[in-house]
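Below you will find the structure I want to go over with you.
Per-chain residue numbering starts at 1, and chain names A, B and C are given in the order in which the chains are listed.
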Amino acid sequence: MRKYQSFRVFKEKISFLIDRKALAVVVLLLFVMAGVFIFSTGTGEMKISPINVVKVFFGGGTDMEQLVVQSFRLPRIIVSLMVGIGLAVAGGILQGIIRNPLASPDILGITGGASVAVVGFLAIFSDESNALTVSIQWLPVAAFAGATIIAFLVYFLSWKNGVSPIRLVLIGIGIYSLMKALTTLMMLLGPIYQASQANIWITGTVYGSNWSNVAILVPWILVLCIAAFILARNINIQELGDDIATGVGSNVQRYRFLLLMVSTALIGGSVAFAGGIGFVGLMAPHMARRLVGSSFGALLPASALIGGILVMIADLIGRTLFSPLEIPAGVFTASIGAPYFIYLLFKTRNG
Amino acid sequence: MLLKSNVQKWCGLLFAAILLLLLMCVSIVYGYTDTTWKMAVDAFTAFDGSNEHLIIQSVRLPRALIAAAVGASLAIAGVLLQTITKNPLAAPEIFGINAGAGFAVVVTVTLFSLSNLQIFTWISFLGAAVSFILVYIIGSIGRDGLTPMKLTLAGAAMSAMFASMTQGFLVINETALEQVLFWLAGSVAGRKLETLLSVLPYLIAGWGLALLISNKLNVLSMGEDVAKGLGLKTGMLKIWSGVIIVLLSGGAVAVAGPIAFIGIVIPHLTRAVVGIDHRWVIPFSALFGGILLLIADTASRFIIMPQEVPVGVMTAVIGTPFFVYIARKGFNK
Amino acid sequence: MTANQAISTKQLTLSYGDTTIINELDLEIPKGEITVFIGGNGCGKSTLLRSIARLLKPKSGAVLLDGEAIARLSTKDVARKMAILPQSPSAPEGLTVLQLVKQGRYPYQTWLKQWTAEDEEKVNNALEATGLMKLKDRAVDSLSGGQRQRAWIAMTLAQDTDTILLDEPTTYLDMTHQIEILDLLFELNEKEQRTIVMVLHDLNLACRYAHNVVAIKDQKIYAQGKPEVVINCSLVKNVFEMECEVTIDPLFGTPLCIPYGKGRCILKQERLSRNG
């Protein structure tokens, strides 16, 4: 079988070269994702068989099943999926433009900016009795603002006749440390109640997601993912280094800025609704690279799916394993992801 | 590179050493309890059992010594890690050392309800060592042996895993959070001299070994193949580096908890000052690390008096602007 | 300005920080020929090549491509006319040869049009020309040095430009592969009249393959022209600071530079008189 398949329609107005193996992996991941989605929806206090879950999706099932699935489970599962996708794609983009395998949403300080904003928000808007004086609905806004401000700050500080990857990442890590320090400081200064609330947020949880979250997050993530996919060939070029990219006619600085904006928006959206879920942004792209290779056309969708699957499973474990206790999903993304990643690291050492 | 000739470098080294000593004195004299320089001298020459003298002898002195030792150790560990992984972002905290130590401490607090600093010392040393050895083994399995890429990725993965499991324990157990939050922020306060003395042999061994292999690191930094061609046993060197890293960063985290930033930033700062020769980078990093931590620790007492800011926070607050400046100016030029 | 120049520079000054590398240089590179920059280490020949490829902004002056200032053209337009292969490029882990070569089509693609029949044809031609067809699914980082260099050259070929710039394309290659790469470039020039500009270290290979050599010394052009006209003892002495004898290559008739210096002399005659 040939490894590649050319795809051309509309008199070549649309044409792609498709890597068959990568396509197969992506399709497989899509099925896994659907499977996890259905299984997770059916699992919890009340067990629902996969067939019934599908029935419920199409308006069937008992009223009780409808209620549990519609109002409790679906929103948080969809949010998990979206957050996983968002972080993984953002991480993939960052690793591509920075050309460093350690690049991730955390290390550029973007997630850290959101953490500071959230801890600050909890501290500023709490009264004497530790009750919030404004609606908790504003928390995602604060997180998003924090992430965006820091991303711009890092970009601005790295600018000097353009932004070089190494400067970006070094300044990013400086700001990251500063943000982490500020977060710790504010947690220490505030009452312990706030510290533990903030700690849950920093770990990352999708607990309490509702349909209005879904309504914001889904279009946000999907639009940005499409943008990322459109820009994929520019990441491919940047991965070859600035000289080559300029040589083949890519406007390196413009696309670096655009790509950075797309990943910031993805990270901002994700942390706004799920907090600082770690590991996914760092490791999902590495896993994807080992499954589908280095071309971003395949790498981004594969990372997205792996990220979504990881966070969905992590949340499933978090809400069922120690039930009735809720463990934030962020605890398990790394615990289940790391062993699998290490396995992949060895399986593919034959090149 | 700021200091070019060898004479300049020796002078720089001397100057940095004097600055370090001076800062240690400052750290001993200034704090919440009002003390004077004379009291500090008297505390050692003519001890009269007064409250001030007690504080100077049993609180301030250990604290200054710990800050200097920990800062130096973390900086050297950072240099070694960045050299063997060839990654400018490498630092003890990224290789699971802090995360492993943190995890060990949190597990001890949660499962055995132990919360005494002396026990934390050994538990965290153990956690750090086990975690780094694990990372090292994972990074070395496979036909091509230890590659910088595999080591880096394994470190990042393990680090994320331990960190998230630590968070998990803390989310379940709120009291534990209260007990370990200060430890997790990293601090050199409230430690007895014995704490330092118990790990000091390991730290000194680490410093000495680091200086001994500094010449070999120069060869390694020219590239794996070149180094092998020059007759360097790169595998052996990496194992020794691993041992030193465990001794230094394990010892540091045991005494002071996870203090980030120094391990990553100081090596870059040092290279901006003295260039890339490890025979200079290692001693200079040690002094700079100690200096930064001492300044941070002394400053941390005055920000929100009478409370103290964790020193891990202060290092980042003081170091970041400086680091950003250096990063913008360009390294190695 | 005639149509015979592919590239020219006007009063071009290049510098890194305060250090001037090239000073007010006027250079004309003829169309359809092979031009080679020669000069000692650090004389600025690579810097000049990089600035011609717009990888380095000039401090003052301009680079003209087909008579138009390169800074005024869109970078994509430039990429359709001129390809550059920098020194020792690196590919990400696991990238296959085909994926790499395909990147050369970047200036012709849009996000929906990423693989037209033309793209496929040009990529296949490039793979064919470099003899990499059989290796196209191998990872670039698993190839030997010569194969890897050919893969990068294939990428610049796929760019399908009239002009190709190469910065020391034969570095790290053994003699067989050096000749192989240069033959390939020579053929491209012969058959398709592509303009080739490169930096080469080996003076003898430069003389053999170049129609036109540009010797650079002290921020300026020391000499420019056909190798058989400009290469002689005094040029080598002044540009490379080396004593040598220039004879004629017995196979090709091009200048052949034989350095003086030490070494085993097994000739009976006392020919190495100049060095005593």
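The definition used in the following text is that a residue touches a chain if its C-beta (ideal position, glycine included) is under 8 Å from a C-beta of that chain, and two chains touch if they have at least 3 such contacts.
These figures come from a predicted structure and were not determined experimentally.
**Q** Could you name all chains that are in contact with subunit A and with subunit B at the same time?
**A** Output, common partners of subunit A and subunit B: nil, no chain qualifies.
**Q** For which chain is the distance between its Cα centroid and the global protein Cα centroid smallest?
**A** A
**Q** What chain is the most remote from subunit A, judged by the mean position of CA atoms in each chain?
**A** Of all chains, C has its centre farthest from that of subunit A.
**Q** Per the centroid of Cα atoms for each chain, what is the distance between subunit A and subunit B, given in Å?
**A** Going by mean C-alpha positions, subunit A sits 32 Å from subunit B.
**Q** Suppose each chain is reduced to the average of its Cα coordinates; what separation in Å results between subunit B and subunit C?
**A** That gives a centre separation of 49 Å.
**Q** Subunit A to subunit C: how many Å between their CA centres?
**A** Computed value for the inter-centroid distance: 44 Å.
**Q** Subunit C: which residues touch two or more other chains?
**A** In subunit C, residues 93 touch at least two other chains, as defined above.
**Q** For subunit B, give me the residues that contact two or more of the other chains.
**A** 149
**Q** In subunit A, what residues contact two or more other chains?
**A** Residue numbers touching two or more other chains: none in subunit A.
**Q** With touch defined as at the start, can you tell me which subunit A residues reach subunit C in the complex?
**A** Where subunit A meets subunit C, its residues are 3-4, 6-8, 12-17, 99, 230-231, 233, 236-237, 239-244, 246-251, 289-290, 293-295, 297, 351.
**Q** Can you list the residues on subunit A that touch subunit B in the complex?
**A** 100-102, 107, 157-158, 160, 166-167, 169-171, 173-175, 177-178, 180-182, 184-185, 187-189, 192, 195-196, 199-200, 202-203, 278-279, 282-283, 286, 322, 325, 327-328, 330-335, 337-338, 341-342, 345-346, 349-350
**Q** Can you list the residues on subunit B that touch subunit A in the complex?
**A** It comes out as residues 87-89, 94, 138, 141-144, 149-150, 152-154, 156-158, 160-161, 163-165, 167-168, 170-172, 174, 177-178, 181-182, 184-185, 260-261, 264-265, 268, 304, 307, 309-310, 312-317, 319-320, 323-324, 327-328, 331.
**Q** Within the complex, which stretch of subunit C touches subunit A?
**A** For subunit C paired with subunit A, touching residues are 50, 53-55, 74-80, 83-86, 89-96, 98-100, 102-104, 106-107, 109, 111-117, 119-120, 137, 139, 141-142, 155-156, 159.
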